[in-house]
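There are two complexes below, and they share chain A, which is joined by chain B in the first and by chain C in the second.
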Partner chain A sequence: MSMDRKSLVLELKASLYTAKKEILVNLRYPLWVVFWAIMPIFWLAPFIFQGHALVGGRFSESFGELAGSTDFITFAIIGSSLYAYVMSALWGMGLSLRREQWGGTLEMLLISPCNKFSILFGKALSDSILTSFYAIVQFVLASLLFGASIRVENMFFAVLIVVLMVLALYGIGFLLSGVILMYKEPGALLNFIDTLIYTICPVNYPLRTLILLLGGVGYYVTMVSIVFPLTPALEAVRTLLLPSFNPYLSIAVAVSYLIAATVVFLMVGMLLFNLVEKKIRRKGGIEAY
Partner chain B sequence: MQDYSIITKGLRKTYRKEEGGFLFKKRSRETIVALDNVDLSIGRGELFGLLGPNGAGKTTLVKILSTLIIPDAGTALVNGYDVLKEPRRVRASIGVVSSGERSLYWKLTARENLEYFARLYKVPDDVAGRRIRELLSLMELEDRADELVEKYSSGMRQKLAIARAMLHDPEILLLDEPTLGLDPGFSKSIRSFIKEELNRKQGKTILLTTHYMEEADQMCDRVAFINKGRIVAVDAPDRLKNMIGKNEVLKIVVSSLEDSVLSAIGSLSFLEDYGVADAGEDGGKVVRMYMKDVDAHVQEIVGFFSKAGCRILSLSVEKPTLEDVFIKLTGEALGD
Partner chain C sequence: MSLRDELRVVATVLKKELVLYFRYPVWVLFDALMPLLWVLSLVIYGRALVGSPYSANLARLTNTGDYVSFTIVGMIVSSFAYSTLWGMSYALRGEQWSGTLESTFLAPCNRFSILLGKAFSSMLTTAAWVALQITLVSIVFGLNINVLNLPAALLFFLIALPSFLGIGFSLAGVVLDFKEHNAFVNFLSSLLGLLLPISYPLSILPSVLRFFSYLLPPTYAIEGMRSILIMNSSLSELTNLVIPLVFFDCFWILVGVTVFVREERRVLKKGTLGYY
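Let's look at the complex of A and B:
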C-alpha cells in the first residue's frame, strides 16, 4: 500500500514537473505570453462595439427578456473569459504533443516509465494555468475598458464550476490528442471544431436565442450545445455572477451534468487515446512528421 | 547458463507503404520488411554492436526493445521483462540515446532538462539532485549547466543526451548511432566514455547501433551484422575478421567497372577472394582484393585494370576490416 502511495506521489511529481517545464518553455518566448494576454480583448471588443451601437448603451431590454440580465457587456465578458479555456483544454495537450514530435522529444517522453496520462495531465495543467492568467488579464482589462458588474461573493463557486468544465474538456482533449498524433496536421479540424463551438455555445448570446431564431431546429441545436461542457458551465457561472440572470438550465442541472460529463469524458477520452496510441506503436509512426 | 540482458526470438516487423488519398491515406499492399526473424542474445555487462548500413533495421530493433514499436511477430525480453506484457518495467530498466541532440529541450538549460527527466524516470527528490550533479561533472558540463541547450555544441548536446539516459542508473543502455554527426575528436571521447566508463567501470549492458565499422571494431565485445532486416553473422570482431583469413587487402577505387571485367577478376589465380561495392554517387566502384602477398602482385593487378580500360582513382593496402567481412557476407558495403 505504501508502494502505491509512493508511486502515486512520483506520478504526481511527473505531472507537476511537466507543467513546470511547459511554463518555463513558454516564458522563454515572452512575446507569446504578451500576445495571448492582450489578443482576446480584440476579439471581444467588436461584439461590444456592435451591441453598443445597436441598442444605444450597455443595457438592452430585449436582451434582458432572453437572458434575465439587461447588461449584455458583462454577459459577454464572462462568456469570453470561459471560452478562453476551451481552446487550451481541448487542443493544448494535442498541440503540445505535436510540438514534441516536431522537436524530436516525443519518443523520450513515451519511453519514460511514468504513466503517459501523467505527462498529458501536466501539459493540460500548464495550459490551464497560463489560460487562467490570460482569462484574468482579459477580465480585468475588459472590466476597466467597458465596465463589468458581477457578484464577487460568488466568485469561489464560479471558479469551482470552471474547474469542473476544464476537467470535462480534458477528457475530450485526450481524445483529440490521439487524433492529432494519428493524423498529424490538426489545422482544419481545429478551426472547424472551434468555430462550431463558438457558434452553437452561448458565448456572446443567451441560449434561448437559438430556439427563438431557428424554431424546432434550434431546439436540437440547443441540445447539442448543452452536451458540450462549455454551455452548462456558462449557464451556471452566469447564474452565480450576474445579478439577474435567467438561466435556461438550472444551476443544479448544470452542475450535475458537468460532474457526470467529467467522469464520462475523462474515461472515454483516456480509453480512446490508449487505443490510438497502440495503433500508432503498431504502425511505427510515433516520431513521423 | 549465461545471464542475458536482452533476448529476441523470431522478431519480425513490416511496414505497409502508404499512398496519398483525399481524406485518409490508402494503405498499399506492398510491405517493407524492416526486421526478419531476428534472434539475438546479449549477455549481462556485454558491449554489443549492431552494425549495418542505413535502413538495415537497426533503429527498428532499438525501438522495439524500447517499447516504441510493437513487432508483428516474435518476442523480445529486456532485463527479463517482455516488451509487450511489461512495457513499464522494460522502460525502467533501459536508458536510450536516440535522435541525439534533437531529443533535448533546447529552450531549457542542461540542469532543467535533467531535472525534468529525473521526475519522468521517477528518481526520488533526494537522489535526483545528487545524481544530476554527478552526471554533469562526469560529462564535464557543470560549468555550463545553467546555459540554455540551444547554446551548446553538437558534442555537448550528445553528452547531455547520454547523461539523461543514465539519470535513473539503468542496467541497460540502448545507444542508437551515438556518434552520428559528431566531429572526430568528440566521437573519440564519446566512444572512450561509453567503453571505459559505462561498460568497463559501471558494468552496463550496452547495445550500440552504428554504421561506422571502426566504432564497432574498437568498442564492442561482440558484433552482429544486420542487412535488410536479417542478422547475417554474430561474433567477436576479431573472430569475424578471421573469416577473411590471414590475408592482406588491396583496395582499389576505379571510375567504372564493366561486368566482363568483374568476372575476369575472379580468374586471377593468386586471389583468395574479392568484393566489389559502390564508391559513391558518381558510379565509381571499390574493389577489395584479398591475397597473401600484395607486393608480389600489385604490378600485375594495375596492369590488369589498365588493360581492361578502368581508370584507377586510388590504391591502398589494408588489414582486413569488419567492412570486408560484411561485404564478403552480403556483397554490399556499409556506406559512409
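Let's look at the complex of A and C:
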C-alpha cells in the first residue's frame, strides 16, 4: 500500500515536472504568450461591432426572446472566454505530442519509466494554467473595452463548472493526441473541428437560434452541440453569471451532461490513445514525422 | 525571355500548384466547407440579434437592411483579398519545406512570373469555393445581388487587384528571409478581420480603427463591390473609391517589387534561400 502511494506520488511528480517544463517552453516565446492573450479580443470585436450595426446598441429584444438576456455583448464575452479552453484542447494538447515529434524528443519521453498518461496530464495541466491566464486577461480586457455586466457572487460556482469542462476537454485532447500521433499532419482537421465547434456551439448566439433558423436540421445540430462539453458548460456558466439568462438546458441537466461527458471523453480518449500508441510502436513510427 | 514565354511560366506554375492542391483531397474538402461555416455563424448571429433577415439599423447606416447579402459580399471580397495576400507566401513556404525553392529560382525566368502563377492558382481555388458558397447561401438564405452588375464588380476587383498583388509580393519577400511566418499571418489575418468592413459598415468602427481601415486596399474593394452588387451603383459613381485604389495599386506594386527583390538578394548573399 505504501509502495502504491509512493508510485502515485512519483507519477504526480512526473505530471508536475512535465507541466513546469511546458510552461517554461511557452514562456520562452513571449510573443506567442502575448498573441494568445490579446488576439481573442480581435476575434470577438467583429461580432460586437456587427451587433452594434444590426441593432444600434448593446441590447437586442430579439436576442432577449431567445436567450432571456438582451445583453448580447456580455453573452459573447462569456462565450469567447470559455472558448479559449476549446482552442487550448485542440491546438495545445492535441499538438503537444506532435511538437515533441518535431523536436525529436517523443521517443525518449515515451520510454521514460513513468505512465504515459502522467506525461499527458502534465501537458494538459500546463495548457489549463496558461489558458486560464489567457481567459482571465481576455475577460478583463473585453469587459473594460465593451462593458460586461455579470453576477460576481456566483463566480466561484462558475469556476467549478469550468474545471469540470476542462476535465472533459482533457479527454478530447487525449483523443486528438492519439489521432494526430497516427496521422501526423493535423492542420486541416484541427482547423475544421475548430470552425465547426465555433459554429454549432452557443459561443456568440443562443442555442435556440439553431432551431429557429434551421428548423428540424437545427434540432439535430443542437443535439450534436450538447454532446460537446462546451455547450453544457456555457449554458451553466451563463445561468450563473448572466442576469436574466434563460437557458436551453437547466443547470442540473447541464452539470449532469458535463459529468457524463467528462467520464466518457476521458475513458474514450485514454483508450484510443493506448491503442494508437501500441499500434505505432509496433510499426516503429513514433519518431517518424 | 519574351512576354509570351513568361506568360507560359505563369500558366505552368498555376497548373502545377492546382495539381498539387488537388493531391490533398481532405484539405480541399475542408477548404470548401469552412467558408460555409463562417458564413453560417455570421448569419445565425444576425438572425439571433434582429429576428428576421432585415435590419432597420443597418438600412439606416448603409441603405440596405439585407444583412445576409451585405455580409456575404464582404466575405467573398475578403476571401479573394486573403487568397492573393497569403497565396504567394504560403506557396513559397511550401517550396522551402519541399526543398524545391532553390531549383525553382534557378529557372531562367522572371521571379514574378512564378509568384503570379502561385497567386492566380490560389485565386482560382478561392473562386471555386466562393461559387459554391454563393449557390448554397442563395438556396438556403436567399442572396439578393444584382447578377447583371457582375461584370462591373469584376472590373472593380481588377482595379483593386494590383494593390493586393503588391502586398502579396512584400509578404512573399518577408517569408524568404524570416521563414516561419505563421504567427505573423495569424496576427495580420486577425487584424484584417477586425479592420475590414466585412460584416459591418465602416461607420461602426471607432475613429482610430477607421483611420487604419482606410489605409487598407481591401476596404475600398469591399465597399465598392458591395455598392455595385447590392446598391446598384455604377463605376462612375464610385470615383471616391477608385482614385485611392489606383494610388494604392501604384504604391503597393512599387513597395512589393522592391521588398521582394531586396529580400531575395539578401537571402542569396546569406546563402539561406533553400533553408526552412
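Basically, the second predicted complex is superposed on the first by the 287 of 289 C-alpha atoms of A that agree within 3 Å, B and C clash if a C-alpha of one lies under 4 Å from a C-alpha of the other, contacts with A are read in each partner's own complex, and residues count from 1 in each chain.
Going forward, a contact is a pair of C-beta atoms (placed from the backbone, for glycine too) under 8 Å apart; a residue touches a chain by one contact, two chains touch by 3 or more.
Since we're looking at a predicted model, the values are computed, not measured.
S.K.: Based on the superposed arrangement around chain A, label chain B with chain C as either clash or fit.
M.R.: When both complexes are placed onto chain A, chain B and chain C end up side by side without any clash.
S.K.: Between chain B (first) and chain C (second), which does A:23 come into contact with in this model arrangement: first, second, both, or neither?
M.R.: In the superposed model, A:23 contacts neither chain B nor chain C.
S.K.: Quick check for you: in the superposed arrangement, does A:55 touch first (chain B), second (chain C), both or neither?
M.R.: Once the two structures are laid over each other on A, A:55 reaches chain C alone.
S.K.: Per the contact definition in the header, classify A:278: touching chain B only (first), chain C only (second), both, or neither.
M.R.: A:278 contacts chain B only, not chain C.
S.K.: Applying the touch criterion given at the start, work out whether A:31 contacts chain B, chain C, both or neither, answering first, second, both or neither.
M.R.: second
S.K.: Based on the superposed arrangement, let me know which partner A:109 touches: chain B (first), chain C (second), both, or neither?
M.R.: Touch status of A:109: first partner only.
S.K.: By residue count, which of the two partners contacts chain A more extensively, chain B or chain C?
M.R.: On the superposition, C touches more of the residues of chain A.
S.K.: So in the superposed three-chain picture, is A:10 touching just chain B, just chain C, both, or none of them (first/second/both/neither)?
M.R.: Only chain B; A:10 stays clear of chain C.
S.K.: May I ask you to decide whether A:160 touches chain B, chain C, both, or neither, giving the answer as first, second, both or neither?
M.R.: Neither chain B nor chain C is touched by A:160.
S.K.: For the superposed three-chain arrangement, provide the angle chain B-chain A-chain C between C-alpha centres, rounded in steps of 10 degrees.
M.R.: The angle comes out at 90 degrees.
S.K.: Using the touch definition from the top, say if A:211 reaches chain B (first), chain C (second), both or neither.
M.R.: neither
S.K.: Compute the least Cα distance separating chain B from chain C in the superposition and give it as a whole number of Å.
M.R.: When the complexes share the chain A frame, the smallest chain B-chain C C-alpha distance is 6 Å.
S.K.: Overlap the chain B and chain C contact sets on chain A and report the shared residues.
M.R.: none
S.K.: Name, in rising order, each residue of chain A that touches chain C in their complex.
M.R.: The contact residues of chain A facing chain C are 31-32, 35, 39, 42-43, 45-47, 49-56, 60-63, 65-67, 72, 188-189, 191-192, 195-196, 198-199, 204-206, 209-210, 212-213.
S.K.: Quick one: in the complex, what on chain A touches chain B?
M.R.: 7, 10, 13-14, 16-18, 20-21, 24-25, 28-29, 103-105, 107-114, 119, 278, 281-284, 286-287
S.K.: Applying the document's contact rule, which stretches of chain B touch chain A when the two form their complex?
M.R.: Going through chain B, the ones touching chain A are 13, 15, 34, 60, 63, 66-70, 88-89, 91-92, 94, 96, 98-99, 102-108, 112, 115-117, 119-122, 124-125, 148, 164, 168.
S.K.: Which of the residues in chain C end up touching chain A in this complex?
M.R.: Contacts found on chain C: 24, 26-27, 30, 33-34, 37-38, 40-52, 55, 57-58, 60-61, 67, 71, 183, 186-187, 190-191, 193-194, 198-201, 204-205.
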